[in-house]
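Each of the next two complexes has chain A plus one other chain: chain B in the first, chain C in the second.
For the complex of A and B:
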């Protein structure tokens, strides 16, 4: 049996429920989207009484299997007005497992003008504490204060000033293995949903004593080793081990899909100044606290994360990911890793999604508020968020609203969520993935780029996107890191073997994929019931009529093709 | 036969078409919504190539019938993402009639970075002139420059800096009888649509020589006199003659529906300081250029407009309407007519809707950016629009976006358009009208307030709203002023007699109402095709869960009831 802790923020009461359904067994997005779909009124105000936040760990959380401790957070998104699952690494999923929890639900909203609360979950029960001492503080300071109060090994979930102020691009920050809340479920504005419930931190104490028990320990250990072997042998995972996701800079530049100058271009002159090698060399050269091969969760054999040090070798930001390097780098024509790291640090501190805010700054630059390539201006815009100025609020509202307010037609989003770091006119597979995602423009669940024979034709891309929507969603579906997908590809046997050995439940590959597809189906259904239509599954008109200079391409998909990719 | 001038802003070519369909005969909203529905892709970008703007006069434009020269402007709205008809008084409809035109269409968009153009329509043809000398200037200065260049009797249509900058609450300003562009088609952001087409002014010269010809002049004259008689005899119209729409302040205060403190309350202490009598007395006392009983168009027997003078007797703003007095007055807890007039003047000058911007300032005050009741702060916020600061842009984006960016849950809008000056929890009839309008929250077409037996019960309000949706829409349907409805009520005979005498076309009351209902039907259909669903036809959640203090009421309509009121 799997347990869910329901926390009613209106009455400050807590109840526990159990279930042994397949959704609970798998956890992750299978569970979070199931619960949102079952329990949240699709038409509700994302900041209102009817929205809920579900924090779910996965089937293998708390075990010694590599890369299995992602935390899926689900709810209705203010940014897309639809269903959202956003997941993060860190240690929270592990702490939940140690407390015997598969899911924590935050429900209701307290009366207007209620103060900030911290919810603390431990072996002896759940407490509500005054959280006012955290209010208005940056996430780094919040992390320190939480560590001081609850120990650096507690699993903490918090939000920044952006989330406290209900800004639409706010993320949720989770403790990393060092006790710093720097692992973000960044997308879709769920930080603002947490803010609307006046919960400034959710702490899972390190006093849990539940250890995973195994139906077949030997088989489990063998399968866990097999996963490590697969990860080590796989050339993509092992490249991530050395370079992290920054390896994508050169790949995208070569494919002409590196977002540049507010998604006007797919190539940036000087991109090598912010590529994987430049990042690697800078970290190695500065040394100090800097690190390549860094794990966001324990255990992990991939270790794609990094610690980027400043010139004195002190931690400036951890991690710096490719998506941020593109959206806060090339997309703004910035070619200085220190600038990107500085912006990333501020984003983490104020608690916003680096993608949507990077895209919003691109929009602001196109509107003439600053020059593309102006490092100081870009950092200053991030600082505006910290000071909650009108411009800061515009940027922290994400690129769709920024484009509306600043009068920019070339707004890089689908369904209200900023396009990730692959220019869609130059990759028709990624374009179809963005168009048909129930989460708004998203790359994690239908990552076609490495498998497109011809990136410029739309031929076959509906099917290709659908294929990778399943492959990517499999990982989310059980709380496993997305990068494990390169190693298992179309054969889930190693992971399903682990589930069988752990729980004694045999899930066939077919059954598992049925659950993955069912999840996509209920997500789209939630969105339909929320009032989202095919008219929302579109790029801005400019992507259809203005050719990407490097490829001569425009988006040429029809609504019917998008609908096809949404049928499950 | 009725003529339409199609102006392609991409190629600067002009073509003329004719039609004798009933839609063309009636003009007004019958024609504008017909054309939008037939010709605009509902899913298009409102600022893109596929949107069009239709300027339509009405069946009796150019005749001597009182109150018959409204100009209906139609297109897809950036504010609501749906169909929009917004109409204004002034002299443009008359000038179009004198040029033999029923409709002017602005189509396409010029290439990126094109300069501003003025389109000049006269007896000898249509010209495109450089409009760069108008760019960035306020509407008052634009008016002067246009009068200078084209004569004070030309019918001019222009936009303010807000429209030039694609801000969502931008209106379209039309010449009044004195050559000042102060007659606004304010709602729905059509000024930004005009801006997206890079047309900074549309001028219909005063050299038209077409006079209305009549199938039966004698019958026409008799019917025209009958209209005047009806207007003079009607107590509501005649109250409007003395006080204008400001007569509503006391009525709404008594009914507890005067929007106060960001629609938190329905009663404002001290409302008598901004009521009809206060306005009347101030104008009379200051004298000078001040005027009660002022006509927005010629001829008009109602003359509900006014000219509000400053302390020295110079024109400060003309007109000041009840809707503005509420949204920029009581809604902000402001009790000073001079402040309201000053804000109204700035709104007219920068080219924005006073309702949506008033509501946005209310939201900003609730967010803590200024105190309610702070006159200086309210004026300063309007000045921010002039300077296009980030805060100014937020306010000129209307109250929905302002609430999103500023983190305010009590956002007074439906379908993205600000609620007009009747607190919906205190008038269930008006609430249903707001909910079910295809235009976003709107009061002109389903004004139930004067006919609600019990404003606090929802019982019977679906039917009452539908009844008045027809009564109100009848006026829009032929370019007649909305206030004529009080005189004709359920009997359109006098107006249909005029049509018969003018054109020799007998339209029965039933046929006419069929057209009115068909228009509502195609408007809702356009919205459905644009991706609008019942989920958009809702107030913010707070209106459903927080009681209006004065009445103890919340919105209690179901989606099914709203849908019922949308069936035609």
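For the complex of A and C:
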């Protein structure tokens, strides 16, 4: 039996429920999207009483299996007006497992003018504490204060000033193994949903005493070792260990799909100044607190994360990911890693998604508010979010709103969510994934780029995108890190063996994929019921009529093709 | 002569003599033999375009080879 703690933020009452359904067994996105679709009125106000936030760990949470402690957060998104699942690493999923929890639900909204609350979950129960001392502070300071009060090993979830002020690009920060709330479920504005419930922090104490039960411990241990072996032997995983996702800068530059100048171009002169080698060399050279390898959760045998130090060797930002290097780097024509790290740090501190804000600054630069390539102006725009100026609020509302307010037609988003770091006109497979995702433009599933025979033709891309939407959703479906997928891409057996040995439930590869497809189906249905139509699953018109200079391509998909990729 | 540039890899640049066009998969095999390194999944780019394992590589070609990772 798996447990869910329901927390009513209006009445401050807590109830516990149990279930043994397959959705609860798998956890992750399988569970969060199931719960949103069952319990949230698709037409509700994302900031109203009917929206709920579900925090779900996964099938292997709390065990010693590498990279299996991802936290899935689900709710209705203010950014896309549709269903949202956004996930993060860190230690929260582990702490939940130690408290015997598969899911925590935040429900309702407190009466107007209610104060900020902290929800603390421990072995002896759940309590509501006054959270006013955290209000208005940056996430780093909040994180320190939470560590001081609850211990650095507590699993903490918090929001920044952006979430407190209901800005649409707000994320939710989760504590990493060092007790710093730096691991973000950044996409879709779920931080603002948490803010609307007046919960400024959710803390899971480190006093849980639940150990995982195993139907066959020996078999489980053998299967866990097999995962480590697969990860260690996979040459791609070892590249992740050394360079993390930043290796994509060179790949995208070579394929002419590196977002540049508000997605006007796919190549940036001088991209080598912000590529994986530059990042690696800078961290090594500065040494100090810098780390080229770092685990966002325990245990992780891949350790793709990093810690970027400032010139004195003190921690500036952790982690810096490819998507941020592109959206806050090349997309703004910035060629300085320190600038990108500084912007990333501010984003983490004010609690916003680096992709949506990077894209919004690109739009602001196109509108003439600053020159592309102006480092100081880009950092200053991030600071505007901290000071909650009108421009800061616009940027922290994401690129769609920024484009509407600033009068920019070339707005890089689908369903209101900023396009990730692959220029869609030059990568038709990625374009189809962006168009057909129930989450708005998303890259974490349906990642076709490495498997496109010809990136410039739309031929075959509906099927290719669908194939990788399934492959890419498998890890989310059970709360495992997406980068494990390289080792089980052709055969899920090692992970399914772990599920069987832990729970005594045999799930075949086919059944597992059916579950993944069912999740996609219910997510699309939620969006349809919310009033989202195929007309929303489009890029801005400029992507259809203005050729990308380097490839000569435009988006040439029809609505019918997008609809095909949404059929499950 | 074909030149295979392995980016972000200890393999560096590998040059191969080929008499006739050969599939890229064969080129990779030859590179692995020459350097005794397990190459793994790759993204290969020639002249700004992806090439597949079946695509023919010709004398004089330069192919840039990247580890087949994804963003996050």
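What we mean here is this: the second predicted complex is superposed on the first by the 568 of 568 C-alpha atoms of A that agree within 3 Å, B and C clash if a C-alpha of one lies under 4 Å from a C-alpha of the other, contacts with A are read in each partner's own complex, and residues count from 1 in each chain.
As a convention for this text, contacts are C-beta pairs under 8 Å (C-beta built on N, C-alpha and C of every residue); 3 or more make two chains touch, one makes a residue touch a chain.
These numbers were taken from a predicted model, which means no experiment stands behind them.
Trainee: Does the superposition put A:239 against chain B (first), chain C (second), both, or neither?
Mentor: Touch status of A:239: second partner only.
Trainee: Classify the contacts of A:380 with the two partner chains as first (chain B alone), second (chain C alone), both, or neither.
Mentor: neither
Trainee: Quick one: is A:254 in contact with chain B, with chain C, with both, or with neither? Answer first, second, both or neither.
Mentor: second
Trainee: Based on the superposed arrangement, let me know which partner A:536 touches: chain B (first), chain C (second), both, or neither?
Mentor: In the superposition, A:536 contacts chain B only.
Trainee: Does the superposition put A:409 against chain B (first), chain C (second), both, or neither?
Mentor: first
Trainee: Going by the contact rule set out at the top, does A:389 touch chain B (first), chain C (second), both, or neither?
Mentor: First partner only, chain B.
Trainee: Figure out whether A:165 sits in contact with chain B (first) or chain C (second), or with both, or with neither.
Mentor: A:165 sits against chain B, while chain C stays out of touch.
Trainee: So in the complex, the part of chain B that touches chain A is made up of which residues?
Mentor: 42-45, 47-50, 78, 112, 165-168, 192, 196, 389-391, 393-394, 397, 401, 404-407, 409, 529-536, 538, 540-542, 545-546, 559
Trainee: Where on chain A does chain C make contact in their complex?
Mentor: 234-236, 239-240, 242-245, 247-248, 250-251, 254-256, 276-277, 304, 321-323, 326, 420-422, 443-444, 447, 449-450, 452-456, 482-483, 486, 550
Trainee: Which residues, counting only chain C, touch chain A once they are in their complex?
Mentor: 7-9, 38-41, 43, 45, 48-50, 52, 64, 66-72
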